[in-house]
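Labels run A, B, C and D following the written order; every chain starts at residue 1.
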Amino acid sequence: MSAAFFYALAGAGLFSIGLHALLAHRHLLRKILAINVMGSGVFLVLAAMATRNGIAIPDPVPHAMIITGIVVAVAATALALVLMLKLTAETGQAVLPGRKKEDNP
Amino acid sequence: MNWDAWLPPLVVLSSLLPGLIIFVLPEERVGLRTVLNVTGAVAKLLLVGWMLWGVAQGHHYEARLALLPDIELVLRADPLALLFVTLSAVLWLLTTVYAIGYLEASPHRSRFFGFFSLCVTAAIGVALAGNLLTFLVFYELLTLTTYPLVVHRGTEAARKAGQTYLIYTLAGGTLLLLGTVWLYTLTGTLEFTEGGFLHTMDAAHHRSLIVIFILLIVGLGVKAALVPLHGWLPKAMVAPAPVSALLHAVAVVKAGAFGIVRVVYDVYGVEFAQRLNLLTPLAVAAAVTIIWGSLRALFQDDLKKRLAYSTVSQVSYIALGVALFGPVGTIGGLVHLVHQGIMKITLFFCAGNYAETLGIHKISEMNGAGRRMPLTTLAFSIAALGMMGAPLTAGAVSKAWLVEGATAAHMPWVVWVLWTSSLLNAAYFLPILWRTWFRPMPGAWPDEHIPARRWRETVWLLLLPPLVTAAATLVAGIYADTAISPLAWAQLITDREYFRATP
Amino acid sequence: MDIPWAVMLIVLPLAAGLMAFVWPRVAQTLVLCCSLAIALAVAGLALQLWHHGVFHHALGGWEAPLGIGLYADGLSLVLLTATALVGMGVSVYASAYFTLDDAHHFWPIWLFLLAALNALFLSADLFNLYVTLELMGLAAVALTALSGGRDALAGAVRYLFATLSGSLAYLLGVALLYHAFGSVDMATLAGRMTPVPAAWAALGLMSAGLLLKTALFPLHFWLPPAHASAPSPVSAVLSALVIKASFYILLRLWIMLFGPFAGDGVAALLGGMGTAAIVWGSVQALRQTRLKLLVAYSTVAQIGYLFLAFPLAAAAWNAAAVLVLSHALAKSAMFLAAGNLLHFGGHDRIADLDRVVQRLPLSAFAFALAGVSLMGLPPSGGFIGKWLLLEAALAQGRWDLAAVMLLGGLLAAAYVFKVLGHAFTQAAVTHEPTAVPARMEWAALLLACSAILLGFTATPLLSLLEIGAPFGGSGP
Amino acid sequence: METLIAGAIDVALALAVVGLAWGALASADLFKAIVLFVAFGLVMALVWVRLNAPDVALAEAAIGAGVTGALLLAAYAKLRAASPDANVARAGGMRGIGSISIRILILLLAAALGCAVWTLPSDYAGLGKEVAANIDRSGVSNPVTAVLLNFRGYDTLLEVMVLLLALMGTWSVGATAPQRETAPGPVLDSLSRLLAPLLILVAAYLLWVGAHAPGGAFQAGAVLAAAGVMLLLSGWRLPAALAALPLRLALAAGPATFLLLAVITVLLEGRLLQLPPLWAGRLILIIETTATISIGATLIALFLGAPPGKEDRQ
């Protein structure tokens, strides 16, 4: 098999790890990291499979998509961070204030 | 332009527009509000008169508006519709006059009269509905517009009563909706047609049709206060007297009863309903209601409560008449739709007068009221006697025809039910009459705040309406066999239903 | 060449947003003009579709699959209409609602949100849909947090994580589809779909992501806090439009790509979740003591209705579309009215609404009319949708679904009248009321009236829906 | 032999990526987590190189690792300032049954994803051919740039809007605890004075080269941002005169130009963003130049958090 599949599996793994961290951690900064890891996982799947029959110049469309995705991710991260800081300033803790169980992501 | 298509919508608008304008009127514009109310009511009356004349001439008034791809909003003025429309129009005018006098100084009159007009609009729509969907639309509209009237006083009791009212009526409306949609999926049409449109259905569907019938009747029975669906009616007594009058005599309960008539005659068709053996159970339900209502009425000391239970009992005469297979019973039921309305509204007007003038709410407080308020009490007595079916009153006519119909339909037990009910009516009305006329006046009335001036025992706005309706009770009884009486009209309808005879 | 209305729908709000960002002073006038222009453009687009059928526009002149396509049919049109109407109402309302400083922040983001919605409803390209989703999501989150304060911020953060993870799940699905079938253009994919594992995984991922964004039970945890704590005009938009956008994508995907092979099992599952949503959401709404939370939970319940259409399939898509539009109008009206009561009384405790019927009649009336539509009582758009849905259910003998619809209607009545009943009471006035600008009252009332009027325009609406047969399996 | 080595490298990289991600998300100390995350980003950049995606590699290094890392570290600093117990609750919010079932679900998900990826057809049906066929009409020779700014330019148009939107959101949420003014050490100071111009040159080069070789607006913008951030860290501040309208103009210039071009094309050519082949090259360069400035400015502003001159709000 080509390395492509291997990287793609790694991507799937990253997505899962990130999702788990997102659900498991309460600290918002960790949730933000988790989201970013999930994103990288998706990008990895997208790029890896683009080279799966090892062409020298792989399909550029996924690459363009990834660059778009990276920029969107950084934008989202910036917004998330400032929200986190503001919430911390309000509550003194960088976690979501406890609510009823079904409200807890 | 073709006026025949415009008349039915105009009749509806004649109360809708004033209502909407009244909403935005500031509270203190009493004059303008009164003018709007009365002009609306009078205009409606004129339009209805025009339609009555036209229909008697064989004109065909119908308006259609596409609501869904293949279902339309239909307003049609057939004889049956006009029976109810006329009743509503006349009584609305009287009730408006009465309400203007009754709510002289009370707050939120704009809101009250606004919803009052919308409520009548809904009733008229129910009457003119040309298919089951249209009927459903206005039926629900009626629920929504009467709710604010029930809770109008804004007390905790009023809020509770409103809740009960909604629980009953909305649940009923839901069943009605279910039945209607189901019927539509089976037949693809909902158009009211004389003699019904279901008799062509093949036997495979008959079971579903029976279930649908039950759904529809239960849904309508809530408003018609069929036992055991009547619970909301006595509670709704917290509303101001004009509202009770309207609720009981015209709008709400009649909408239910009228719906039952429509379903039996113009959806199923009376023969087909008979073939499915749906009429006898309906008759039984009605009979039970009649007896039960009268029995409960016996034990009420609160005047309005006693009248309420009497309503429960009396309205079912209509359902009973419908359930008696054969033209005679039908005529009895239909004519009672009108007669009960006239008599019952008289009684509520009078009850309102006692409360408003002397602060009397309980029967035990009514001793000698007749001497203090002779005219009111006279009207009350006439209506009460009518309810019992005393000769020369409208009540006598409808009861006579019902009894005839029962014998014609070979249902002797119904005759017994009717007699028992008459006895019970006497049992709960005569004591009141006795108290008012023959017992001595007490030293002081519970809360007298309208002084008597010479012959005028109370405000004339309150006095006029009950006198008129009481007179109507007598007229409808005495001149029953003239061409313009409700009875004659009921006969016309029945001819069309049974013999498809068109004038 | 005829005017590219659809393109204007995207370009106008973006341009206006940039200007509002650079020159905050002119923002308000700009927004009002822009929302009016959007409405006109939608009308123009409607005429265009009516005369020439579906609208297709190859962006950059590159046909799919290489390029991105804009596409508009009856379904897109319905959602664009909802956006235009609610957009106008909310713009007018917001012009009186916000303080100057907040307004300067609100207007550009609001315009970008409008642009994102329009772009989303016009896109025929799965990856482009991802970009629009993110644009919409970030704008929505920013607006939720606008008012600041503990609850609003917490709601916004929770919402942000929900929407981001949803988008990523969706994007992973897109990646799989692209690598399995070599395109992200919906129509192209529709021709190539085969039930390989990747397709199933994509179905799972994309559905999960979009359901999370649509807040279908049990993925609704983020909605009530966000919608209840956001500024009222924002709550209105979130409930009326934003969650509908992800539903719209889901509907398209299901009809064009996944429905054909996913079969009844998945549909039944969605239907079940819808049922649960109706019951749970309504009961929760009934239990609330705060007005805005009640309205938010009512949204959770109303979303459920949309998913009852899946098990009924082709027969019920029309109903779903009508419900989307009527709920958009009614719910936005309801949130705006609730905002007025909140603004007026300084609190939104249902128990002491202080005779609002007398003191704030227009808003109370707006709330009532919106409620009528939500209950599905005639005459209203809600009634039409409910009728169609019920008809489909009974025609297929799905009594369970019919029962759920009717029960949901009754529960809705219960929580609407829970509010209105208190509105009539004679409770003593417990506070110093603040006047409510007329604009805010009328915006709510007009939206509510349009929800009612929708009940009389069903026939033209349904024939518009037929354009391009969005439910006939064809489409972008 | 080469293939074997290559394979070994790939395995090592893939494992490293997963390991670093795991470490970043599991590490007890928040600061360590962030550092590991940045490292993760850099290794990802290597992976992109291995996957023949140099443009992505640049983007990842500049934005994914660089800018994101800077944002995270700045946020961490403010977090420490705001709440002493910045490391609260590192363990999961849900415990017991909840966490177990979550783990199981995640494992199932991972398995399903793996299976889905694994069974993808190995003969590739992408759009590479179409791109190759049309690239000479796109105005640039770097296929990725061609896709980003011509074939799928609409995505990019919306994307720059997303970036600006994030800034609007950041500003609307309002200023947070102001950046602690650490007097820059002499090293950093001189370093930044030295590096900043250099970085600006690099940005310009990346921008220019993007047309035919890896590079482009986003990478260039990120590098520009790096220069700005460096100056900020060394205590430099935007002159108050430029803080308001001029700044907003700079931020909006890129998106505005892009949008304006879109409108012009729809008017002239009938299609949104339809670049006439003759002009495409120059037009793309114009878009990218303005975009680079705006992206750089936006990223710097995001790093600052509050609109300049408003740091001391609240």
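Here is the rule we use: a contact is a pair of C-beta atoms (placed from the backbone, for glycine too) under 8 Å apart; a residue touches a chain by one contact, two chains touch by 3 or more.
Just so we're clear, the structure is a prediction, and the values are computed from it rather than from any experiment.
Chain C has the Cα centre that lies closest to the mean of all protein Cα atoms in view.
For the pairs C-D and A-C, the count of C-beta pairs in contact is higher at C-D. Spacing of chain C relative to chain D, judged by their CA centroids, is 31 angstrom.
The geometric centre of chain A is 68 Å away from that of chain B, both derived from CA atoms.
For the pair chain A and chain C, the distance between C-alpha centroids works out to 27 Å. Work out the mean CA point of chain B and of chain D, and you get 74 Å between them.
In chain C, 127, 131, 134, 138, 141-142, 145, 148, 153, 172, 176, 178-179 are the positions where the chain touches two or more neighbouring chains simultaneously. The residues of chain D that reach two or more other chains are 113, 117, 120, 124, 126-127, 131, 151-152, 155, 159, 162, 165-166, 169, 173-174, listed in rising order. Touching pairs of chains, sorted by label, consist of A-C, A-D, B-C, C-D. Across the complex, chain B is touched by residues 355, 357-358, 361, 372, 375, 377-379, 384, 387-388, 390-391, 394-395, 402, 406, 409-410, 413, 417, 421-422, 424-426, 455-456, 458-459, 462 of chain C.
Across the interface of their complex, chain C is touched by residues 112-113, 115-117, 119-121, 124-127, 130-131, 134, 150-155, 158-159, 161-162, 164-166, 168-169, 171-174, 245, 248-249, 251-252, 255-256, 259, 262-263, 266, 269-275 of chain D.
Against chain A, in their complex, chain D makes its touches with residues 6-7, 10-11, 14-15, 17-18, 21-22, 24-26, 30, 33-34, 37, 40-41, 44, 47-48, 50-53, 55-56, 59-60, 63-64, 67-68, 71-72, 75-76, 78-79, 82-83, 85-90, 92-94, 99, 102-103, 106-107, 109-110, 113-114, 117-118, 120, 122-124, 126-128, 131, 143-144, 146-148, 151-152, 155-156, 159, 162-163, 165-167, 169-170, 173-174, 176-177, 216, 218, 299, 302, 305, 314. Interface of chain A with chain C (complex): residues 15, 19, 22, 28, 31, 35, 38-39, 41-42, 45-46, 49-50, 52, 61-62, 65, 68-69, 72, 75-76, 79-80, 83-84, 86-87, 90-91, 96-97, 99, 102-105. On chain A, the positions that touch chain D within their shared complex are 2-21, 23-27, 29-30, 32-34, 36-37, 40, 43-45, 47-53, 55-68, 70-79, 81-86, 88-89, 92-95, 104.
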